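Input: structures, listed below.
Shared chain: chain A. Partners: chain B in the first complex, chain C in the second.
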Partner chain A sequence: MLQRIYGMALNTFREAIRDRILIALIVIAIVVMGTAKLVQPVAMGEAEKIIKDLGLSAITLFCVLIAILIGGRIVYREVEKRTIYLILARPVRRGEFILGKYIGLIVVLILSLMVMTVGFYAVLLITRVPITFNLLWAVVMTAFELILLTAVAVLFSTFVTPVGSAVFTFMIYFIGHSTHLLKHLAVMTPLPLIKFISLFLYFILPNLNNFNIRGDVVYGVPLNPQAMVFSALYSLLYTFTLLLIAVIVFDRKDF
Partner chain B sequence: MSVASHPIIETVRLSKTYRTGLRMKRVQALVDLNLQVEEGEIFGFLGPNGAGKTTAIKILVGLTKPSRGYAYILGKPPRNPQVKRKVGFLPESPYFYEYLTAQEFLVMAAQISGVPRVDIKHRVKEVLKMVRMEDAANLQMRGFSRGMLQRIGIAQALIHDPKLVILDEPMGGLDPIGRKEFRDIIVGLREQGKTVFFSTHILADVEMICDRVGLIVAGRMVKMGRLKEILTAEVESIDVTLKGASGKIRKALERVAQRALQSGELLMLTVRNEEEVERVMSIAREADVRITAIVPRVKTLEDFFMSQVKGEN
Partner chain C sequence: MELTEITHKEIRRPEWVISLLPMVVVVWGFVGIYLLQLTIDSFSRRASERVVQELAYFPSGLALRESSIEYDELFADFIWLTAIDYYGRHLETDRRYEWLGHIFEILTTLDPRFIGAYRFGAMTLAWDAKKPMEALTLLSFGMKANPLSWQLPFDAGFINYMLLGDYKSAAELFQIAAKLPDAWRIVTRWVPYLYAKSGDFETAKQMWSDLYYSTQNRRLRELILRQLRWLKFEEGVRKIKEAIDRFADKERRLPVSIEELVQRGYLETVPEEPYGGRYYLKGGEVHTTTPPSKRGG
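Entry: the complex of A and B
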């Protein structure tokens, strides 16, 4: 089983790292971080914080884009291009296929995250901003956010087109960062139906704000290790559930 | 009952219904298809486009579930992983991972087919050699021609040394040289003791290499058997060519024949049997018309195919 998952993951990894979209997004991310140098002279003493915030935000944004754009077509493209025939006619269980594709993409994302982080630290060096390794915690939490978000993209990819998958995953990302508003709406609304829907969405959608500690690390707010461990476990459990649903959906499909 | 006593492929009243379009219209792709393929034979699965060949094959390799009926490979359901280890499959007009090299793709195919890790390198080399693609092993497949892709396709189907090889339209889009090479590979597989089941509508290939054929039309198996049994040596008709027939004589000759074709001085008549040949000869002798050729026509696979397809439609 491990050999089959490894084979699928390696295949996905190789395809993704040779994809021009990936390389383009990494390059653009580093260029965006580099633009921080332009704001340095006009930042009135806030340059350090702006450069750090911009760098960490760019890392998150571009990795999310990779997860959405590549993850959103990862299974669908196999079906559309019929490469799936060459895989599923072999002794590969459909769950192994989904898991292999997912792991391959996660490895690509972690590598992209690492490359962008190296680029970020290079920008800090060039702009002579004091380097603190505390910033890495924000990157680690972004990794857990990507683990979850990629599972969302892979799940959509099993039954909708790449464009649909990208749109839906982005919506989940957007709402996932605004779940506190849903809770707020549930408290404020007098309408029982709206209250029910808001609460339902609040509980069922992932709370992605848990993974955003960029402000804390940039402004030197003490971190809460317990909350971070909880967020990491939350990501893994949510991901497991999403992949399980993806496998169930995929297993019922005829090709 | 031991596994060896089962036919290598068996379907029992295999049926598949799809629902398509907004109105979810039912389309019957397969209707009560019964099929048996014995070990070690080359079986040609014939049928016009849209007859249900690919649907049947997809069920046999576990990509699609039947709506009704059963399919067995070596006595077990096709989706059983143990069964899949013994089956090699080449889909119709296959697509490959174009960013991978041929070697990377074959290594992956070996990994997911259960080839032991220590054997993978050797096996990849062996199949690349078999399909004469050693020189292109390290090239990305996006630059490959149709013929090269088809060769990689057969290489991936054979990477795990399967007992049964299922090929969906393997000769489609190949030039005559490519088709000849493919036929040689298929015959070579039979010599290695493998069973080959392939779908096609190129009848010449079937006549050359198949032991048995099955003809499917509109999702139903209309005929299955040995080629020799289907194509009996029975004479279908006789072509008689005459020179110098004109006027009333020509009309008299044409009345005897089923079909007549005039080309310059030559008149070609198609008659049903020897008695009609005798009558043509007698008219020709009396009118001093020369007979230049008498050619009996035996039934070809194409004749058989066309008559069955027309009959079903």
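Entry: the complex of A and C
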């Protein structure tokens, strides 16, 4: 089983790495980080903060785009090109197929993340910002955000078109960063039903703010390792659940 | 034979032209775009001014924070650059800073830990926009969000001391600042001055120059230099006035010129006018050759 998953993952990896979108997004991300150099003379002593904010935000944003754009069509494309018949005709279980696809994509994402991070540190060197390695923690947490978000994308990919999947995943991304509003609503409302619904949604929707510690690392605030470990676990568990749903949906699908 | 050759040439030339035509059109297209943009820009020279004013229409930074997904700090950075641009433009033109407070409110709501923004916002609000109370409100928000930052109570104390003459609050704020981590030693140095409750030039000068070294912000440093120059100007005026008073007491008349004050020994030297002009006397009053528009501060 592991070998078959490995085979699928490797195949997905090879395919994704050849994708022009991937390379374009990585290049754009690094160019965007580089524009921080232009900001330096007009930032009035705040250039260091801006360069770090911009770099870390660009890493997150462009990796999220990669996850959404490539993740969203990963299963659909096989169906569309009818290569899925070839794969499923072999002794590959559908669950293995999904898992292989997902792992291949995650490897691509982690690799992109690493390339962008190297680019980011290169920008720090060029702009002569003192280099600190606690910034890497923000990147690590972004990786966990991507692990979750890619699972969302793969799940959507099993039953909607690539465009639909990209739109839905982006919505989840947006909502995932606003769930604290639901919590506020639950506190503010006097109606028990609304309170219940908003709390229900608050807990069931992915809370992606868990993974955003960029502000903390840029300001050099002491990090909370416990919170980070729990957020990582949150990501892994959520991902597991989503992939399970994806397998179920995909299993019931007729081609 | 000849005929076919001629037609061949004639046919080939248009082909060559036709294949080049699109590229020429593209180049001219870009030239046209450039010219159009130039024209449009001349219509709306204050375009970026409007962007800032549109920012002012946001009910608060909260709305912006909720729509920035997870990029609050990045949005704040963008507003920081906009704020500096807004400040710089008004500094060079009309010196009216109507939206400054609002911009800084949005900015610090998006990124409540942006110490540099509170400091710059407060100083420009207090001295350039002449709204010290708004500056203190901004700083007090900052202090709530960043209870460990010594710069914010330090600046609040400074504004209380210099602009409001509230020496008691100033002393309290400086003592708070002095107890916080990494606080500069100058903060403790200031406390005794406050109990003296005097607004003398030397103290003020010392405080401004201490403040100068506490920031890397070029605009803020310019503001401080303007204040220092203004202090020097006022100091010169006061010196001359005191000399006039002594002169009038003894000589029972007003001096004709500053030089007369020096010649008679009421003034050591003619004080240097910091704006590049010179002081002169008119009807017993001290004036300067520098027009008010060039004095500022």
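Observations on the structure shown:
FYI, the second predicted complex is superposed on the first by the 246 of 255 C-alpha atoms of A that agree within 3 Å, B and C clash if a C-alpha of one lies under 4 Å from a C-alpha of the other, contacts with A are read in each partner's own complex, and residues count from 1 in each chain.
Criterion: a contact is a pair of C-beta atoms (placed from the backbone, for glycine too) under 8 Å apart; a residue touches a chain by one contact, two chains touch by 3 or more.
Keep in mind that what you see is a predicted model, and the values were worked out from it rather than measured.
In the model built by aligning both structures on chain A, chain B fits alongside chain C without clashing. By the touch criterion stated above, A:Arg14 is placed in contact with chain B alone, chain C being left untouched.
Once chain A of one complex is fitted onto chain A of the other, the partner contacts of A:Tyr173 are limited to chain C, with no touch recorded for chain B.
Legend: residue contacts after superposition of the two complexes on their common chain; A:Phe196 is shown touching neither chain B nor chain C.
Look at A:Phe230: by the touch rule set out above, it reaches neither chain B nor chain C.
Contact with chain B, but none with chain C, is seen for A:Gln3 once the two complexes are overlaid on the shared chain.
Of the two partner chains, chain C is the only one that A:Val218 touches; chain B does not reach it.
Taking every C-alpha of chain B against every C-alpha of chain C after the fit on chain A, the minimum distance is 29 Å.
Touching chain B in their complex are the following residues of chain A: 3-4, 6-8, 10-11, 14-15, 18-19, 81-93, 254-255. By the touch criterion given at the top, residues 39, 42-46, 49-50, 53-54, 57, 60-61, 173-174, 177-178, 181, 208-209, 212, 214-215, 218-219, 221 of chain A touch chain C in their complex. Against chain A, in their complex, chain B makes its touches with residues 58, 61-65, 81-82, 84-85, 87, 89, 91, 94-97, 99-100, 104-105, 107-109, 111-114, 117, 156, 160.
Touching chain A in their complex are the following residues of chain C: 66, 69-74, 77, 80-81, 84-85, 111, 113-114, 116-117, 120, 215-220.
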